[in-house]
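Letters A, B, C and D mark the chains as written, and numbering starts fresh at 1 in each.
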C-alpha cells in the first residue's frame, strides 16, 4: 500500500518544547507522518505522550520548536498574520471538552456563524441559510435551538455545535482532539456515526486523536501510536491491532479492556509509569519499561523502519522478528 | 522584585516633592520658612545639586537612620516616628487577633449550612458592618456609647502609654482596636466563608467524611487550611489598608500613633515628617505582604510548586 | 453540604435538556437598592433644579436645629439646611468615585486584558511594574500627594485617586482574563481565523465584564469611603462646599449640641454603601464570581 | 458479626433531591444484596444514579435537601435514617469508598501519610509511631515505591496513578469489609487502569473484602465482577450474573450499551448501534418505562406502565422490560 499520492498534510521532524531554557520539557520530539486526502489517521497514546500537542502544533496553537508542516504543499510553520489565519480555515479542530469549547454567553447560531463573520464570506440571508443547514446537518434543530445560549446545551449537543462550526468554512482537514472521550457511551456512538457521515459528505480528511484504542480503530484508515513525544508505530488498523510490531503497542492493546466476559484476563501488565518528559531516557524512550530492552536501546535511538508496506515501527527488536 | 519595590518607594517618596509645582524649599519648610532655615535645607539636602545626586545623598542618610530634622519641631524625624510605631503595632496586633478570633469560627458556622438561618443573619450583619466606614463608626460610637451611656475612658484624648500602666493602656486602646477589628472581621469573615463553602464541596471532604471523622475535625483539619489562601492574601492587603484606616481612628481619638503624627504634620506642613512616615509605612506594608506571602506558601504547598 | 456539587451536576443534566432557560431572579431588594442609588444620582444631577434651599445659605436665626417641616434634617452650626447639603454633598462622592474609576478602568482594564491575552515580555514587564506600584500603599500615596498639591480641587482628587487605582484594576482584570483566555472557546475562535481584536471583543470582554462590573461596584464603595477619610484629614474639597465626609467631619466638634449633623450624612453615606455592596453581592452570585477573585 | 451470609441488603431504596426546580429522583426503588467476598458491578451512563446509589448505600449523601427511603442493612446496621454520628462508627472501619478523581479526592495541603494514618490514630487509637509504621506498610501494599519517603510528600507531587494508589491505601487503613469503588479508574490511562484494577482484585482476595465497582465502562466490569447491575434513570433495569447480563441480556438498553461502544476486536469502520436521544430528565420522568422514548421496541404499554423487575430463565437474573429481547441468542453480536 505504499503511497505515491501527494499527501494532504506532510509533517517532518516536528518538535515542540515547553518550559524554560534551563528546564526544557520535550513534549513532541521529532515526529514525522503524512496524511493523505480522504483518509482518517488515528493517533493514540497515553496522557502526556504529546498527541494533543502534535494536533495543536499543526494548527499553530502551540508554536513548533522546529520541523516542517506542509498542508497541500504550503509550509505552515513560517506563515504569519493574515496568511496564517487564512490557512487555519483550511484546517479545523474539535476539542475534548465540549462545554468549554463554546463561549457560554453566545447563541448557538452565532457560534456556528463565527467563522463566516470573521471572513465575511457570506452575509445576510445566505449566511442564515448556511448556518441553519449546518445546524440541521449535525442534528440540532436551528428553529428550536438556534437562539439558545451555549450554556443551555448538554455535552453531546455542544459537540454537535462544535462540529457544525468547524465545517462552516469547508475545511480540508479536521483535527479531532479526544472529541468523544468526555461523552457517555450512547452519545459517543451518535457522534462517531455523525462524524463518519459528515466525513463522506464533505470529503474530509481527519486526524483523530484519542486515548481509546477501540474508538480509534473504529474510525481510522491508519493508526499511529505515540509514546513520550515519539512515534512508535504507524500502520493499518487491522494489522497493527492483530500483530503489533512495537512492544509498547502490544502492552497498550493488552491493557485495553473489552466489554466481553470471555475475553482473556490480559497477560502481562506494563509496570511503572512513563518517565518525565523533562528528563527523557536516552536512546529508545520506552526502554525503561520495556522487558526486551538491551544496551543497544539505551545507546541508539531507533528510527521508523518499514516492516511491511504501510506499516512502520521504531524499535530495534520488532516483535515479528522475535516471533519467528 | 523586592529591591525594585524598595527603589520605587524611595524614589516615590523622594520625588514626591519635585512632582509638585513650586519651589521644593518652600514646600519643605512650610511655615518654618526663614532664610537661615532655607540655607540649612540647601546644605542638608544639597538642593542645588542635580536631582539624582540629591537622591543618593538622601538615600545615604536614610541608610544611616537619618530621616532629617524637622524644621518645625526642630527634632529629628526618626525620633518622632520611633515613638509612634509601637502604638500602631499594638493596635494592629490587638485588632487582628480579635478579627481572626471572631471570623474563623463564625465563617465555619456559616459554611456548615449556607443559607441557613445563622448564615443569613451573619451575612446580613456583615453587610451592614461592611457599609459603615471606620470614621463613621467612631463618630457614632462616641456619640452613642461614650457620651450617652457614659462609658468611661473611651472618650477622646485618653491615651495611656503601655510603659506607664498596661491596664490603662489596653483600656485606652479598646475602642480603636474594636473599630479596626470590626472592619477587618467583616472582610475576613466574608472571604473565608465563601472559600470554606467551596472547599466543603470538594471530593476530599467527602473522602474525609467517609473515614468516619467527626465534623469538627473535618472543619479544622481538612477544610480550614485549603480555604485560607485567599484569607491570608486579603489579610496581607488589609493590614496595609488598616494602617490607613487606623490614621483616622487615631486622629479622631487622639492616639499619638503614626496616623496622628502624620495628620498633625500635614497640618503644620512639616514635609520631612510626612515624607518619613510615608517611607516607613510603605516599607512596613511591604514587609507585611512579604511575611504573608511566605505564610501562604507554607499553608498551601500547591502555590510554591507552580 | 459536601458532595452537593454532585447534585448540581444532576440538576444540570436534568435541566439542560428540555426546560427552556430559567431566568435567575435578582430579588426585590436588589431593585430597591438600584432604585435608591438611582434616586441619589438623579438628586445629585438635578440638585440645582430641585426646590432645595441654597446649601451655602447661612441662617443664623436657626442654628443647630433638629428636624422640622421647614428643615427636614435640621440645620448645622451655621444655620445651613442639612438636607440640601446632603443632596449637594452627594455630588462630590459620586463625581470622585465615577471620575477616578473612569481613569482607573480606562487605563487599567485595557492594559490588563491585553497583557493577559498577549502574555510574553509585554505582560511580564507591565505586570512587574504594576505589582511594584501595588506594593506601595495607595492610600498613603494619595494622602501624601494631596497634602502638598495645593490648592486642592475636585479634579486633583479625581486624578490622584484614579491613578492610584490603576494597578488594582489591572490586577483584577488581568487575572480574570487569564482564566478565560485559556478556555477552549478562545482557542477555537483563533482556529476560526478570528483576529486578536475580535477575540478580545467577542470572546474575552463579555466574560470578563461581569468580574469588571463586580469590581467596579466595590471600587465605587471604596472610593466613596476614601473621599470621606480624606475629608476628615481636610484633604478633600475645601469647605464650604458640602460633601458627606466634610459634613461628618464638621459635626465632630459639636457632636453633643447637634447630633443630627453627624447622623444624617452618616446615614446617607452608609445607605449608599450598603446598596452598592448589596448590588455587588447579588451580581457576583448572579454571574458566579467568587469573592476571592476580586 | 451478623449471622446472615449477606453483607449488604438493600431494599426499595430511593434517593430524592430537593432542588430549586422540584424533586429530582436520582435513585428510585432499588433492591439488591451482596455476599461476603463478592465483587459486584454497577454500570450506567452519567445521570443514571449509580454514584448516588453508591453514596446512599454508605449513607454519605448530603444531610439536607435529600430524602432517602427504604432500607440499607450493612452487616446488620441500618444505614437509612441513622445520624452522621452513628454512621461515623461504620464509616472507614466497615465500609470505605474510593472516589473517581484521585486529583480531587486527596487533600492537597495534607501530607499523604497523614491522610492515611488519620483513621488509624483517630478511630483505632494507635499511637503516632505505630500508625506511621502501618501507613508505610499500606503504601507498600498498594505498590508505591520507596513508601517511607513518600509518606511525607503532598498529593500534588504524585502522578494520577500513584494518587489513586494512595486513595486505596487510605480506604484500606480501617480494614473495611465492604469497599465501594466509584469509577476508580476513569481518569487514568489504560496501562495504569490495568495496574489499579489488578491491585484492587489482589487486595480484595487478600483482605477478604466485598467490592462494589461502579463504572460507566463495561470493559472494566466484564471480567472482574461476578454480578452486574445495569442502571438507567435511577432504576435497575437489568441485574444478574455478569455472564447473563453480557450474553443473555433481555433489556434493550443493555444491548444498546454493549453495542454502542466500539470494540478493539471489531474491524474498522463498523457502524455503531447508536440509540437516539438522551437520557430522560430526572425532574419529570415519563410515567412508563424511562427508556421507552429511545427504545425501538417500545409499545403503548411501555409508555404508560412502568415495568418491574421480573425473573429471566437463569436464577438471579432479572430485567425490567415489557418487550424483552428473545432468549438463547447465543453470544451477543
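In this text, a residue touches a chain if its C-beta (ideal position, glycine included) is under 8 Å from a C-beta of that chain, and two chains touch if they have at least 3 such contacts.
Bear in mind the structure is a predicted one, so any value in this text is a computation, not a measurement.
Peer 1: Need the most distant chain from chain A, centre defined as the mean of C-alpha atoms.
Peer 2: Ranked by distance of C-alpha centres from chain A, the top chain is B.
Peer 1: A-D versus B-D: which has more C-beta pairs touching?
Peer 2: A-D
Peer 1: How far is the middle of chain B from the middle of chain D, if each middle is the mean of its Cα atoms, in Å?
Peer 2: Taking the mean C-alpha position of each chain, the two centres sit 53 Å apart.
Peer 1: CA centre of chain A versus CA centre of chain B: separation in Å?
Peer 2: It comes to 55 Å between the two C-alpha centres.
Peer 1: Find the geometric centre of each of chain A and chain D from their Cα atoms only, then give the gap between the two centres in Å, rounded to an integer.
Peer 2: Going by mean C-alpha positions, chain A sits 32 Å from chain D.
Peer 1: Can you list every residue of chain D that touches 2 or more other chains, as numbers and ranges?
Peer 2: 46, 60, 64, 278-279
Peer 1: So which stretches of chain B touch two or more other chains?
Peer 2: Only 113, 202-203, 206, 209 qualify.
Peer 1: Mark out which residues of chain A touch at least two other chains, giving numbers and ranges.
Peer 2: Residues 154 of chain A touch two or more partner chains.
Peer 1: Under the touch definition given earlier, write down the residues of chain D that touch chain A in their complex.
Peer 2: By the definition above, chain D touches chain A via 45-46, 159, 161-162, 189-195, 198, 216-220, 222-223, 242-243, 246-247, 256-258, 260-276, 278-279, 331.
Peer 1: Which stretch or stretches of chain B touch chain D in the complex?
Peer 2: Per the touch definition, chain B meets chain D at residues 113, 202-204, 206-215, 217, 221-222, 225-226, 299-302, 305.
Peer 1: How about chain C: which of its residues touch chain B in the complex?
Peer 2: 1-5, 128, 131-133, 135-137, 139-141, 143-145, 147-149, 221, 225, 228-229, 232-235, 245, 248, 251-252, 255-256, 259, 262-263, 266, 269-271, 273-274, 276-278, 281, 290-292
Peer 1: Please output the residues of chain C touching chain A within their complex, sorted ascending.
Peer 2: Going by the criterion above, the answer is residues 13, 16-17, 20-21, 183-185, 187-195, 198, 202-203, 206-207.
Peer 1: What residues of chain B sit close enough to touch chain C in their complex?
Peer 2: My answer: residues 1, 4-5, 8-9, 12-13, 16-17, 19-21, 27, 112-113, 127-128, 130-136, 139-140, 142-143, 147, 190-191, 194-195, 198, 200-203, 205-206, 209, 230, 240-241, 243-245, 247-248, 251-252, 262-263, 266-267, 269, 271, 274-275, 278, 281-282, 285-286, 289.
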